[in-house]
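Below is one structure, written out as structure tokens; the observations come after it.
Each chain carries a letter (A, B, C and D) given by its place in the written order, and its residues are counted from 1.
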Amino acid sequence: MAKKQRPAQAQKKSGGKAKASAALKAVIDELVMGNRILYVQDVVDGYGHISARHPHHPDRFLMSRARAPGLVVASDIMEFGLDGELIGDDARPVYSERFIHSEVYKARSDVNAVVHSHSPTVVPFSVTQVPLRPIRAAFFYPEVPVFDTRTSAGWTNLLISNAALGKALAQTLGRNSVALMRGHGNVVVAPSVRVVVYRAIYTEANARLLLQAKMLGGPITYLAPEEAALMDKEQSRHRPGHGHDRTWEMWKQEALARTGKL
Amino acid sequence: MAKKQRPAQAQKKSGGKAKASAALKAVIDELVMGNRILYVQDVVDGYGHISARHPHHPDRFLMSRARAPGLVVASDIMEFGLDGELIGDDARPVYSERFIHSEVYKARSDVNAVVHSHSPTVVPFSVTQVPLRPIRAAFFYPEVPVFDTRTSAGWTNLLISNAALGKALAQTLGRNSVALMRGHGNVVVAPSVRVVVYRAIYTEANARLLLQAKMLGGPITYLAPEEAALMDKEQSRHRPGHGHDRTWEMWKQEALARTGKL
Amino acid sequence: MAKKQRPAQAQKKSGGKAKASAALKAVIDELVMGNRILYVQDVVDGYGHISARHPHHPDRFLMSRARAPGLVVASDIMEFGLDGELIGDDARPVYSERFIHSEVYKARSDVNAVVHSHSPTVVPFSVTQVPLRPIRAAFFYPEVPVFDTRTSAGWTNLLISNAALGKALAQTLGRNSVALMRGHGNVVVAPSVRVVVYRAIYTEANARLLLQAKMLGGPITYLAPEEAALMDKEQSRHRPGHGHDRTWEMWKQEALARTGKL
Amino acid sequence: MAKKQRPAQAQKKSGGKAKASAALKAVIDELVMGNRILYVQDVVDGYGHISARHPHHPDRFLMSRARAPGLVVASDIMEFGLDGELIGDDARPVYSERFIHSEVYKARSDVNAVVHSHSPTVVPFSVTQVPLRPIRAAFFYPEVPVFDTRTSAGWTNLLISNAALGKALAQTLGRNSVALMRGHGNVVVAPSVRVVVYRAIYTEANARLLLQAKMLGGPITYLAPEEAALMDKEQSRHRPGHGHDRTWEMWKQEALARTGKL
């Protein structure tokens, strides 16, 4: 693994107070860990990405340079504006699909973290008529819509590689937490890095449960919207030892064991 | 991994004779190992828990503080009463669903160990009409009932977070060894930690076999109740080198290799 | 892992010439490696066993004491007669199902190695009406029969724990290389340890292929008996770098990496 | 792992300029890494092979001696002519199915790398009537034909062990990038080692997606040929940080971690 270097952002001296830098550093650290966790939990493979809204500049977001998530270190994190433009000078390659992130941050002020993945059991739901409904994933309500580039833009290479496609995807996502992308993957959003990682992992887990339930056959008892609302209320509170705090401790340990030091 | 510390229980000086402490220490050691084994065998992920009845106080049980099972060490083990109340002073967070354990111990004097998990292939059986029947798991007899919070308590967050829900679940469990919890997981009970670990692992294994048999299609030859009775008689005897003694040796080695020292 | 000790057999001084001991040692070494390989390749879990006919005494066979295969070392290997009786003095527990091995060696002089496993994708074929037919496993011809204790002996605990049940199983096996055991597992036989390990692993692999082909639906093109005969002729020759020689080198390396030194 | 040795080719002094040797060494290094990657990514097990056209002699190709791909080191690489004949003196065993490679190189001047594997989820498509169509794998166009030795040569052992069978397979492959081999495996071709590795891995991945989509049931939205053409154009450009360059960095790291130094 590459040696840990000071992130590009931290090296810029433009206006950061000591406190600001600490908050930024914390988000970058979580973002790096989120990259590793999503890789170790098999949500991303060589592709896919995770971003976080900038803690001091709500019109910017942080994301790795174009690199496999399992290899990301702090110095890979770059800063982007809400039109997907790179902030600052940096010659390193950037993700073509950064517009997924920029357009979601533009449309959803409640969102501070975004994951785009090709999570393997989720893709089949994007190419069939079977809706991805919740067995355990409360955050699937109101619904998990499917975005198809074909509907918005005709024949494309399926990549969300410009602002217009990003905007169309964000519109399909609407107020939901997850949207599928036909023949491609999905996008998951949340108020924080930890919650978006949690949701991305349990999106895949719920897809597996639903696939298996379909294989057993017969009617399926889904989580009711009333139940989901109560679960989500519980899960969105941060409580030490509970919810995503408990899994983050474990996933972090697993990620460090498999991918080495930050 | 955290360093091994003396368990909170062992530090209390209230009335323990040397012999008593050795028995308690043995149960705590098995409980820690059971946590690790269930994690390494993919029965629990970040959630789920295992408890043991207190060897000297049948109206108490031992269980970790609220923590991912794969990370549990001896100092995490706490003591609870049969109303789910914490025994002694301890500010650390506790599992919300400890009432699964307390109410089962209250209702079943034959039970000395309880596992609650979200064992992945078992959940689909909880949301379909397909009963989880035994192909190899003799302990599925008389039956594997399904508990639904909706029936007992209407709209909830599905967690068994109070004594009333725990009692309703224990009633559904009845004299059986396994009960499913709709859209959530299952509870497995046994006379000892080693047997409950064995049963939890083979509950998942039997679910996988049954799912695959369903995929092949056509009628399935289940284990007959007469066969199960003979198997269970064999399996409940403790014989060195046989039954759960043989698998415990292997699982223990695998757990130590993956999760480090106790 | 336990330290390597001289096997019990090698310690007996009854009549072994230097050459005899080398041949015996070679078989014991392969048997230990076979145990580890079957474990690492997920054919056996805590249960299952592999044996080899004694190279100097065709009326005896070698097999581990009752222990999880992944943990077996040379000193665990014991010697048995063809009625399943232990040869020599040894107080350590023995596998209850050694009669699978003894009765197959009695009935099949062409067989020098036997595996009994609960190979996970094979069991579903033992409880449905779907025959386990060859997609790639040439050694499935003439057929893969299913043995059911219920037919031979009524209600039992399903274990082949006496000579009568072993004999009935050997009769069902007939001249075939694999027989399934309803709700339990399978038995695989071959002229050598390396070939029986190869067959046990590809029995599981073929079961997975067939299950997936069934899931795709429609007619399946099986390996024709004429093709299987030509493949089997090729595979039963020992050629360095080909067939089971090639896989043994890889499996051995994987087994040593995962389970430590012999 | 074996120590790294100078490849046999590099030891021959026939006519290599310094520059030529560097290009050859680069291809051999990629070929060794490709072997390891395909093993670690579960595309090959003990069997299967990958070759590359010789960078200076288009009528030759490079491939390992007959050995499990996960164990291949640079000194295992041999040189073959387009009739499958070994170039130079070498007594080590060679792959029986080298004619898959020789005949494809003969027929397709655009191809510089070939993989033959038994990729596990692809085989079921070779024995059913379900075509392997693209959900994400753009390189499946024009189509993924199925080759059956039975059609070309009647009863065989299914191995492509002579030039006539290799030629028939190459004819079935035609201008496509992937062809299935009934009851056996598949062949994948590409302009370079990195791209053929990428395609072999995503052939398996697409087969898994399609199998799961089939299990969900109902109509499936495949990648349109127009979309595939746009994707393939994008993917065939070499861009640092993108496409196969991004995954190669990760796969290489995973392969080195699992299989040791080159």
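Observations on the model:
Heads up, the rule we're going with is that contacts are C-beta pairs under 8 Å (C-beta built on N, C-alpha and C of every residue); 3 or more make two chains touch, one makes a residue touch a chain.
Note that the structure is a prediction, hence the values are computed from the model and not measured.
Touch-path distance (fewest steps) from subunit B to subunit D is 2. The best fit of Cα atoms from subunit A onto subunit D calls for a rotation angle of 90°, in steps of 5. Taking shared numbers over all numbers used, the subunit B to subunit C interface scores under half, which places it in the different class. Centroids of subunit C and subunit D (each the mean of its C-alpha atoms) stand 33 Å apart. Inter-chain spacing, taken between the CA centroids of subunit A and subunit C, is 47 Å.
Within subunit C, residues 215 each touch two or more of the remaining chains. Considering their complex, residues 45-47, 65-68, 70-71, 92-93, 96, 118, 120-121, 123-125, 127-130, 148, 150, 155-159, 182-184, 211, 214-215 of subunit A touch subunit D.
Across the interface of their complex, subunit D is touched by residues 135-136, 205, 208-209, 212-213, 215-224, 226-227, 230-231, 233-234, 239-242, 246-247, 249-251, 253 of subunit C.
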